[in-house]
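Given below, in the form of structure tokens, are the structures.
In the two assemblies presented below, chain A is common to both, partnered first by chain B and then by chain C.
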Partner chain A sequence: MSVVESNSDFQPTVLAFCCHWCTYSGADLAGLNRMNYPANIRLLRVPCSGRVNPQYVLTAFNKGCDGVLVCGCHPGDCHYVSGNYFAKRRMMAFKRLLEYTGLEPERFQIRWISGSEAGKFRDVVTQVCEEIRALGPLKHSASFEAFAEQGALGTVNALTPANKAEEVVEND
Partner chain B sequence: MSRIGVFVCHCGSNIAGTIDVEQLAQAAREFPHVVHTDDYKYICSDTGQQSIKDAIAEHKLDRIVIASCSPRMHELTFRKMLESTDVNPYMLEVANIREQCSWVHKDKDVGTKKAIDLVKMAAAKVDHDAPLFTTAIPINKRALVIGGGIAGMQAALDIADAGYPVTLVEKEPSLGGKMVMLDKTFPTLDCSACICTPKMADVGSHPLITIKTLSEVEQITGYVGNFEVTIREKAKYVDYDSCTGCGLCETKCPSKVTSEFNQGLGLRKAIYTPFAQAVPNKPTIDAAHCRKLLEGKCGVCEKVCAVNAIRFDDVDTTSTETYGAIILAFGYQLINWQELYGEYGGGLYQDVIHGLQFERLLNASGPTEGHIQRPSDGAEPKTLAIIKCVGSRDPHKGRSYCSRACCMYAAKHAHQYLDKVDGAKCFIFYMDVRCAGKGYDEFYMNTQHDGATYLRGRVSKIYEENGKLVCLGEDTLSGSQVRVDADMVVLETAMVPADDANRIGSMLGVTRDKDLWLSEAHPKLRPVETNSGGIYLAGTCQGPKDIPDTVAQASAAAMKVAILFNKDELESNAMIAQSNSSLCNSCGACEAICPYQAITLEEITRRENSVMVTRKVSKVNPSLCQGCGACTVACRPGAMDLKGFSDEQIMREVDALCQW
Partner chain C sequence: MTDTAPSITREQTARVQTARVQTTRVHTALFAEVTQKLRLRAKELLESGEVVSVIGWEAGRFENQTTPAFITDANKVDRLIFNEYCANTLGKYVLSEKLDGKVAVCVRGCESRGINRMISDNQLKRSEVYLLGLPCPGMVESPEVSHASEPSHAPEASSKLLSKCAFCTHRQPVVFDEYLGTCEATDETLGGLIPKPIDPSERFSDVEELEALSLDERNAYFEKLYNNCIRCYACREVCPCCTCRECFVDQARAGWQGKQNNLEENRFYNLTRVFHIGDRCVECGECERVCPMELPLMKINRKMVKDLTTLFSVPEAGLDSETISPLNTYDVADLEEYL
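== the complex of A and B ==
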């Protein structure tokens, strides 16, 4: 007999890395319009989604966040020309890597929300928080632990787009 | 050990209504290195700010957290406030407990708990804030304007009238752009040349404007205040200093070529001034068609020139100069309809022409001296079909956008045609009529009163039958097929970006939209700025527009340049990337990813493990760096970091949220 655990009381911690120019402004607009969304979300302001190092995401999961969002400007709209494009490539690859270690896909999401899309901000936050609430607290798989432990530096750095095909020379 | 002060704002009841501000201030007192907390009704008010200043002095605070509205609202206010204290303005973090808490979460307990988390993160971050400083960038008070159409001329004149020198670069032999090719201009039907050529003359004679025609910008490097620009001036084969512009050479030249200015409808010589009022009013030799330059024979122009101004040995020259600001004004071109519209004959029928060709037929100094004659046999067309939106609003063939000026100039064309040709019939195929603008709708109504027949629908096919051009189309209002047997067809074709838009845009880091129009920094609030400092947009290079809008934008761009030049120095961004040269492994990933060319690899020599080593390390140019942080993530050895959003700070925020 299977016991379906009810997670209705569970309050997840969801961290959202938000680009200052788009999603962070969208969140401000949601506030201005007095929209309601789950209080589980915590915004961490960055200048650009391209500033988000996969390392931060890994650290967040490792230290107890139940879900992580990375939000940037819509493709083609980056305030800094191309940052979101790099973020997209990097985070998509990283997401698959995390899923490979056993992380549920819902726990790590990448979304594009502009400064005028207050409604979209509310909807995304609500959806993500609900999905993670339904999943329950994050349980680290053994492979995630191993990955977070020692894979962190090497693997994550290897994800950064190398426009120049060069060997990574480890520094002393 | 840092000494943090946390100040919680009530924002009247905006925050205090749904967040327990006292509990929040109390909780903050327990965070590491927080030595003082307080709460106020309105922190941003003068008294609120004064109380922070007092607390800084009294408690010897060296950094502060303000829990209030969004940092997008008041971060600058508080930075300014810190300028008059001992605390560096960048030793400040703002926790957004209004937009992100009190306004969106109704439950006071839940909101307060979240507010505590947000202040926690801000306190963890501020603990690792470092004092930051700006540097002063000198400004070269000379402007470069690229493109000598009405936009470029207006901008150049305004900047020069403000007292700053301008160089105007135009790739054709004369200034004027498309406007000088037009016959009359809507909605007032002023003669285009009569209002455009005086502007050209003003530009030509302005002591502060240097004109470079037949010239193109080859390379641009640098940044606001300091652009290094290389301009290639093509060989003209005529010495403009001695040439008097008498025009004798032109009359004697035996080589005839189709005229670009007349849109292929007339002829010019191989040595030519494109039109009578050209500025500069001196001829150039078209090397591709000159017999002397091609075959070594002829040289008539040289023989007849009384002042010996012909230079067959002339070569292209390049020069590099420094400018403080650049205005892009290189305009538009018309879509290549022949390529896209096989159903309209694809160029097969001589009497299917585009709008700019029609302008030349209307013009008294055009190839037909203003008599409307069809190109094939010179006959006066008694039935004219005008087709709008050829290439515009047609995502399957051309472009999805509206070219904005065509509804009006189609009405203008119909009006002029009906005015000039007795007993004429004019049919206009349209999708919608968009005539928003002062006096525009009235102009359109007048054209209808003149007798133009507007048919709502696209033309699906044009073919020749019994000497007529049969236009088969649809009248969507009556729901019937229509057939117009026309003597001539005018296609009002879409405006598309100039050839060079992509090259120049990417050279300057100015983004292009999906159709390659240059993007403004903000569609509403910063319509003439670009995302690259010191580079402004004027006219149709930014998107289709008519002359009034073009001129308005050009003057606005000139104003932005004048504002910039009014200062002697610019303050650089303080929150920029910095590289730790001892960690840098010279891989160059940062240089490649930087969208502003702000990072270069530079050679350094220094002692490492007691030997002298010479190697390349990355260096950030503080005037170019915009602080996006792309390089920091690309850097594998972790040598790059972003001031104000450092790895350490972000990691501490994550830590604080999860573990404190």
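== the complex of A and C ==
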């Protein structure tokens, strides 16, 4: 893993899925009130947080986003009654899965922001962008090799994901 | 960095394996008896026309190895066998076989839970299958076929429990039309005959082991997994939960899944597969067993099962065909983490 000396100049790309009825209106209100927040955020309007397919999140990371934020109405306020409840369960499981497989928790966040919470929108976006800026760019690949160079693979290898490709090479 | 202490997982596996060897002799009698009964019933079912085919196992190409059998002719039921090398989980084959009529299928714990799974996913009606319940003592690995030049040496019988069987919580079928074993279908009554399945609370030990690693270590571990995947999709084909007519990987126009075999695409495939089945996975371990690259897929599957189990206190999947999977429902009282 390459350690970036200082990340303060790093400009992350952060994608925010915003539900049309709450968070997107909240963002609108923040704009009307001339609030300042980092320009690293890219808003993507969805009808409901329940519309956010976890595959969108993976695609965002694959296409170069350094972080993803999913925002929706507060539980109980969903325009479609229950969309955000389904989203909540889904995202709780998905976030844990991503973290388990090695993603920094800060890179994928979920927040409920209502249409009147312009201030909260600004604060969340600022906080998320700063956290990701501090982390640096998303490691896209090759951290395995870098990790092996550090000689720290003992534990990982002891747990053995079978490595047939290597075996074949050795046997030849 | 020092090596970690021997894992709980391996200790457990070793324990079950020892128990396995001790009871091998009893099993030989059990297997012979079950095979007899199975052939008899298969013949009756086919002759009476109640079913059009019987799905079981037959001898494979090598000694100590079996392959799934699809018997449609009552005169050929003697091909059916049941022994400790019946590694394939058969449930999913029902979906293609049932197109011709009612199908009889051998079910152990893993198959029966898969059948329940497919019934609750509306892939199958209970009336379309006839379930022949079999007692399962846990299956063992087929010995490696030696490619050495002298062919005289038959592979030695092995006694290494399949890893999917070491983690099995329900060896006995949870649903069946008739039971072909020797006693009632409970692990208790099978007593000394069959080593106890793993305690459900212990089945996440390998996930906990990985969770204890640092973020970088986990990242390296899973990158290694993704890097080795060749995206043959065998893990999808055998899974009783992967029953979509059109899988996301085949939706070329939507373009979810790129064709390149690289880390990003392989990660996309593996994580999406897990997420699509994780709330319904019956933990049969078949995906991991069929993986030609021997990737530890259960370590991702079980992570999701573990989280859903602890977060939403859901029962094990596939024990009946009515329970709604945790991601298909919600509770307003769910834990709130995102305020």
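To be clear about the criterion, the second predicted complex is superposed on the first by the 135 of 172 C-alpha atoms of A that agree within 3 Å, B and C clash if a C-alpha of one lies under 4 Å from a C-alpha of the other, contacts with A are read in each partner's own complex, and residues count from 1 in each chain.
Throughout what follows, a residue touches a chain if its C-beta (ideal position, glycine included) is under 8 Å from a C-beta of that chain, and two chains touch if they have at least 3 such contacts.
Everything quoted here is computed from the prediction, not taken from an experiment.
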Exercise. With the two structures laid over each other on chain A, which partner does A:28 touch: chain B (first), chain C (second), both, or neither?
Worked result: first
For this session: In the overlay, answer first, second, both or neither for which of chain B and chain C A:16 touches.
Result: neither
For this session: Scan A:37 for contacts with chain B and chain C and give back first, second, both or neither.
Result: first
For this session: Report for A:59: first if it touches chain B alone, second if chain C alone, otherwise both or neither.
Result: both
For this session: Could you tell me if A:132 is touching chain B, chain C, both of them or neither one (first, second, both, neither)?
Result: neither
Exercise. Taking the superposition as given, does A:47 touch the first partner, chain B, the second, chain C, both, or neither?
Worked result: first
Exercise. In the superposed arrangement, does A:76 touch chain B (first), chain C (second), both or neither?
Worked result: both
Exercise. Is A:88 touching the first partner chain B, the second partner chain C, both, or neither of them?
Worked result: second
Exercise. A:104 contacts which: chain B (first), chain C (second), both, neither?
Worked result: second
Problem set entry | Common interface residues of chain A - those touching chain B in one complex and chain C in the other | 54-55, 59, 76, 82, 86, 90, 158, 160-164
Seminar exercise, completed: Contacts from chain A onto chain C in the complex sit at residues 1, 54-55, 58-59, 62, 74-76, 82, 85-86, 88-94, 96-104, 110-112, 139-141, 143-144, 147-148, 151-156, 158-165
Exercise. Which positions of chain B touch chain A when the two form their complex?
Worked result: 70-73, 96, 98-101, 103-107, 110-111, 113-114, 117-118, 121, 509, 511, 513-514, 531, 575, 583, 585, 587-589, 592-593, 595-596, 626-630, 632-637, 642, 645, 647, 650-651, 653-655, 657-659
Seminar exercise, completed: Counting only contacts in the complex, chain A reaches chain B at residues 13, 15, 20, 24-25, 27-28, 30-32, 34-37, 39, 42-48, 50-56, 59-60, 63-65, 76, 79-83, 86, 90, 157-158, 160-164, 166, 168-171
Seminar exercise, completed: The answer for chain C against chain A in the complex is residues 1-4, 7, 207, 209-211, 213, 215-225, 227-228, 248, 256, 262-265, 267-268, 271-272, 274-275, 278-279, 292-296, 300, 303-304, 307-308, 311-312, 326-327, 330-332, 334-339
